[in-house]
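Shared chain: chain A. Partners: chain B in the first complex, chain C in the second.
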Partner chain A sequence: MVDPRIVIVGAGPAGTRAAETVVRHGLRPVVLDEAPQSGGQIYRRQPPGFSRDAKVLYGFEAGRAGRLHAAFDALAGKVEHHPGTLVWTVRDGAVHTAPADGGAVGRFPYDALVLATGACDRVIPFPGWTTAGVYTLGAAQVALKYQACAIGGRVVFLGTGPLLYLVAYQYAKAGAEVAAVLDTTGFAAKAMALPKLLAVLPALAKGLYYLGWLRSRGIAIHEGVVPVRVDGADAVEGVVFRSASGEERRIACDAVGFGYGLQSETQLADLAGCRFAYEPQSRQWLPEADADGRSDVAGVYLAGDGRRVRGADFAEMAGELAALAALGDRGIAVDQARMAALRRGLDRGLRWGQALQAVFPVPHHFLADLPSETVLCRCEGVTVGDARRAADDLDAREINRAKALSRIGMGRCQGRYCGLSAATILADTAGEKPETAMRIRGQAPVKPVPLRTEEAAS
Partner chain B sequence: MSAQRYDVVIVGGGIMGASTAFHLRTVHGKSVALLERGFVGAGASGVNFGNVRRQGRFLPQIPLSHRSREIWGRLPELLGEDCEFLPTGGLRVAYSDADMAVLEKHVGEARDWDLHLDLLGLNAIRSRWPWLGPDVVGALMSPADGHANPRLVAPAFGRAARRAGAVIHEHCEVADIAREPTGFRVTTRTGLEVRGEVLLNSAGFWGGAIAASFGEPVPIVARGPQMAVTEPLPYFMEPVLGGVSSDIYLRQVKRGNVVYGGGLRGPVETDPPRGRPVPDLSIAQWGRVLRFVPVLAGAQVIRTWTGVEGYMDDDIPVMGESGTTPGLFHAFGFCGHGFQLGPGVGAVMAELMATGRTVTPIEPFHIRRFAHLKPARPA
Partner chain C sequence: MSERGQFRRVAETGRRPVRLRVDGEAVEALDGDTVLVALLTAGRRLRDNEFERRPRAGFCLMGACQDCWIWRPDGGRVRACSTPVADGMDLLTRSPLEQWSIRAS
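This part shows the complex of A and B:
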């Protein structure tokens, strides 16, 4: 019998463990990854020639990062690894790739496909968010972790989620001036979520550590804020926010890092034809899969944050479990007890993910109060007012209809950053529930691919 | 329960159906219900290239095309918006002497059909469009042709028809069409029932099945055009571009994106309709794009798409009254070249259904040309 061809997309925590599991069973998987080196986003490695200590880069997570990197490095020669390679579409049992260096496009047929596509920042627009010097929290962290650069000399961090205090801490520790941390979740909301916080005790402990550290250095922390605007015509000059007590305040700064947690990268699952279901807390439509990660499309498995945001530890488990399922489904003997243990672990992960969402709620309600001239879709320059008019005047209450008529989500990011906000705005305008606006349908390429002449590698 | 009765029931809310509804209301004052399985204009009418082109057509279609072009120029007045129609001129290029011969022949024949075309040689091309590829040896310019945003046009006709009193039902897939002593009763999968004295079949590819159900089968297949668009680039490409043997067509919109398509039309899922382009066909276009306009090398492609178009085996549409059933009319199967015709088809079909005749000749498109095909089942 010919060995099944197993293709893994992503080399972060889920993709690494999936690859390791496949190799352990005597097969040689193809691993396709956009990044130049394995590790994913959270354990992103520094470029060659950089020599900062793992403790500096990954903090409490240094041990985990090191173990994951070592696990992938140990697979050298046993996997067909294509770093710097974008998978731009999936169709008819094959994934299609475009290398970042502009070389020939490729096509990889598969018997089993493990999608470990990870997550990206959740953004809610506000006036001035497209000003030069405004970054997502994730981007601010990547700049520091990967390139050893700060996004500014005097930075304000704004939003909610575990990354908020972590990134502020990392910046302050690296020597940047943190002008303030603006937390959109109020103290009272956190206190009410205390029982849930206890369920995520390690996160709570780390969060409290970062908070205490920042406070002890005199860094201003404001909870329960509402972002009002970023000031500055050509570059960031300050952030204006409304405090929990309702007064408007301004903090001078030259950069802003903001975000509201993470959202799953689901475009490839969509192009593969997976069925999606609505998840009300995040208001994201997510690809469906069983406990092991089997989607409803034969041969397509989903693992890690790309299926549901649960964080890196659970992504490692999900990657291993999805690989075991893919192997088992192809008649290869796998350890059933191990699979059962991983399922139990992932079940805890589900509760963990839900607890984090409850503790750090996405402030969807900000969208209703946005001034109409606020840019919503920055790729196409579509404003919040344009979206409301699409729903009102053009009767476009479904997001793909609004996309067709107003260009929302039609640009190079394919609605990754505006799509969820746009859906809420359409539904709010129509007076309907947010899920009625549906989700932006994925279209190839999931990220831009340059026009070139090279023929596809066969 | 008696179903609401209309002068005309239109099955299919693409550009043909929406434009017909608009003209039936605004010109002829007829009562109209339009039934559309999805959103108005979201099928083939919304996913095509957006070419408002007259040159290069089957010549007996030119009067209809001229009538349509006149309406294109009046969209702001008729619909309250221009749908991004830009009469930039359309340029059809030649890569070889054989291509040039095709263009020269068309110039000669088109004189009789009132098409004003300029045949341009190498010097004219190089000075006017220096960015055209080195393989281009000549071109034919149709100065009043142009392009428009296909996503906007049929929905705009639909909204204007509704403002004028047409009843538009979206997400109402037709389940059954029954002949009655006077007219037709149409039932949708949502349980809606409407009656019409007259019925227009403007259901695109699926129009073939409707015609067959009235005992007049036609040779129609579903194909998907392979479309793509680049990131916005500085505006430079004024005319809409096509070619004799280029196998690719391009246009640049005012915000800078270059839209292109062409080459083999892919297979496409029709039930339910799902437009997923074929990756290998997308890749195969890149070299043709760069041969045509080399300065696009490295431009980022940000999106690809397709949709369900109906192609007749003789590459011309079905238009006119039914050959079997009084009161039934057809306008479907536009073979990937219906977008420019759409506004005119609406005017002509409305005129034909309301008055029994039309001043625009459409005989070559009559369904009776397929009368030799045996019905799949009797009507």
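This part shows the complex of A and C:
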């Protein structure tokens, strides 16, 4: 029997564990990853020549990060690893790649494909969010972890989610000036009151630790805020917010890091033809898979935050389980007891993910109050008003129709940063439930690739 | 590029200097920097958005938002957040090719 060809997209927590699992069963998988080194975003490694130790880079997670990196490094020679490689589509039983630095495209046919595509920051636009010097919380963390830089000289962090206090803490600890933390949730008060407390205890404990640490250093923390605008014509000069008591306040700063948790990167699952289902807490349509990660498309498996945001620890489990499923489905003997244990672990992960979203809810309701002139699509400057007009005057209540008529989600990022907000705006305007706006269809290439034609030699 | 940069280095400052040209001016970066960091430790602007015609300075830093593409003199594009600097690199923050006016304002 010919060995099945197993292709894994992503080398973060899920992709690493999937690759390790395949190798343990005597096969040599292809691992395609956009980053130059394994680790994913959460355990992104600093470039060669940097010298900070893991504790500085990953804090409480230093041990996990180190183990994951070591696990991938131990696969050297046993996997066909292509770093710096973008997978830009999936079709006809093969993934199609383009190298990050230009050059020839590639094609990798598969018998089993494990998509471990991860997540990116969930944002909600607000006036001034496209001003130079406004970044996602994830970006703020990447700047520090990967480049030893702060995103500004005086930074405001805004939003909700586990990253908010973590990044503020990491910045202050690294010696950067944190002007304030603006929390849209009211995390500390809510955390204490939540009945689901136990399910997310470790995350809460860490969050409360960072919060206490920041407070003890005199860093201003405002809970229950609503962002009003970013000031500054050519670059950030300040942030205006409405406090929990309703008054408008301004904080001078030269950079803003903001975000409301994470959203799954689902484009490749979409292009692979996977069925999607609506997830009401995040208001994101997510690719469907069974408990092991099997999608409804034969040979396509989903793992990690790209399937559903549950965080790195559960992504490791999901990667291993999806790989075991892929191997088992191809007649290779796998440890059934281990699979059962991983399923139980991931079931806890599902509850954890739901509890986390209850503690750090995405403030969807901010969208209804945005001024019409607020930029919604940062690629092409399509405004909130344009989206409302599409839903109202043009009767485009479904997002792909609204895209065609207003260009929402038509830009280079393919709607990653406006699509979910646009769906809620369309539905709000039409007076419908948010899921009725559906989701932006995936389009190849999922990220820009260079296009070149060559003159034939004569 | 004489103004204070958007980004501030907080560690790892002992790396080898790397010299590049941005819009014809010399910029000194450090080995291991991304192009984005090289430009934003030297200034606050990376590019202009074609539709708003306002400066941009990157957004996601992880290759998702596509808001940090700049140019080489031959018109080739560089995604600044995921491209490492190299000695002698020549970069432009405005397209060397003629641009249509996308939105009159």
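The working rule: the second predicted complex is superposed on the first by the 446 of 458 C-alpha atoms of A that agree within 3 Å, B and C clash if a C-alpha of one lies under 4 Å from a C-alpha of the other, contacts with A are read in each partner's own complex, and residues count from 1 in each chain.
What we mean here is this: a contact is a pair of C-beta atoms (placed from the backbone, for glycine too) under 8 Å apart; a residue touches a chain by one contact, two chains touch by 3 or more.
Note that the structure is predicted; figures quoted are calculated from it, not measured.
*Asks:* Now for A:Leu144: first (chain B), second (chain C), both, or neither, which partner does it touch?
*Replies:* second
*Asks:* Between chain B and chain C, whom does A:Phe50 touch in the aligned arrangement: first, second, both, or neither?
*Replies:* second
*Asks:* Given the touch rule stated above, what does A:Ala368 touch, chain B (first), chain C (second), both, or neither?
*Replies:* So A:Ala368 meets neither chain B nor chain C here.
*Asks:* I'd like to know which partner A:Leu208 touches here: chain B for first, chain C for second, both or neither.
*Replies:* In the superposition, A:Leu208 contacts neither chain B nor chain C.
*Asks:* Once chain A of both complexes is superposed, is A:Ala235 in touch with chain B (first), chain C (second), both, or neither?
*Replies:* second
*Asks:* Just to be sure I read the superposition right, which of the two partners does A:Tyr135 touch: chain B = first, chain C = second, or both, or neither?
*Replies:* In the superposition, A:Tyr135 contacts chain C only.
*Asks:* Figure out whether A:Pro450 sits in contact with chain B (first) or chain C (second), or with both, or with neither.
*Replies:* both
*Asks:* For A:Met410, decide between first (touching chain B), second (touching chain C), both and neither.
*Replies:* In the superposed model, A:Met410 contacts chain B only, not chain C.
*Asks:* So which one touches more of the residues on chain A, chain B or chain C?
*Replies:* C
*Asks:* Scan A:Ala252 for contacts with chain B and chain C and give back first, second, both or neither.
*Replies:* In the superposition, A:Ala252 contacts neither chain B nor chain C.
*Asks:* Of all the chain A residues, which ones make contact with chain B and with chain C?
*Replies:* Dual-contact residues (chain A): 102, 411-412, 448, 450.
*Asks:* Going by the contact rule set out above, which residues of chain C touch chain A in the complex?
*Replies:* Going by the criterion above, the answer is residues 4, 6-13, 15-16, 31-34, 37, 40-41, 44-46, 49-52, 54-67, 69, 76-77, 79, 82-84, 103.
*Asks:* Flag every residue of chain B that touches chain A in the complex, lowest number first.
*Replies:* Touching chain A: residues 39, 42, 46, 151-152, 155, 159, 230-231, 276-280, 282-283, 286-287, 289-290, 296-305 of chain B.
*Asks:* Where on chain A is chain B touching in the complex?
*Replies:* It comes out as residues 89, 91, 94, 96, 102, 105, 107, 271, 394-395, 398, 401, 404-405, 410-412, 414, 443-445, 448-453, 455-456.
*Asks:* Residue numbers of chain A touching chain C in their complex, please.
*Replies:* Where chain A meets chain C, its residues are 34, 41, 46-52, 56, 100-102, 120-121, 130-136, 138-139, 142-144, 146-153, 174-176, 233-235, 254-255, 265, 375, 378-381, 411-413, 416-417, 447-448, 450.
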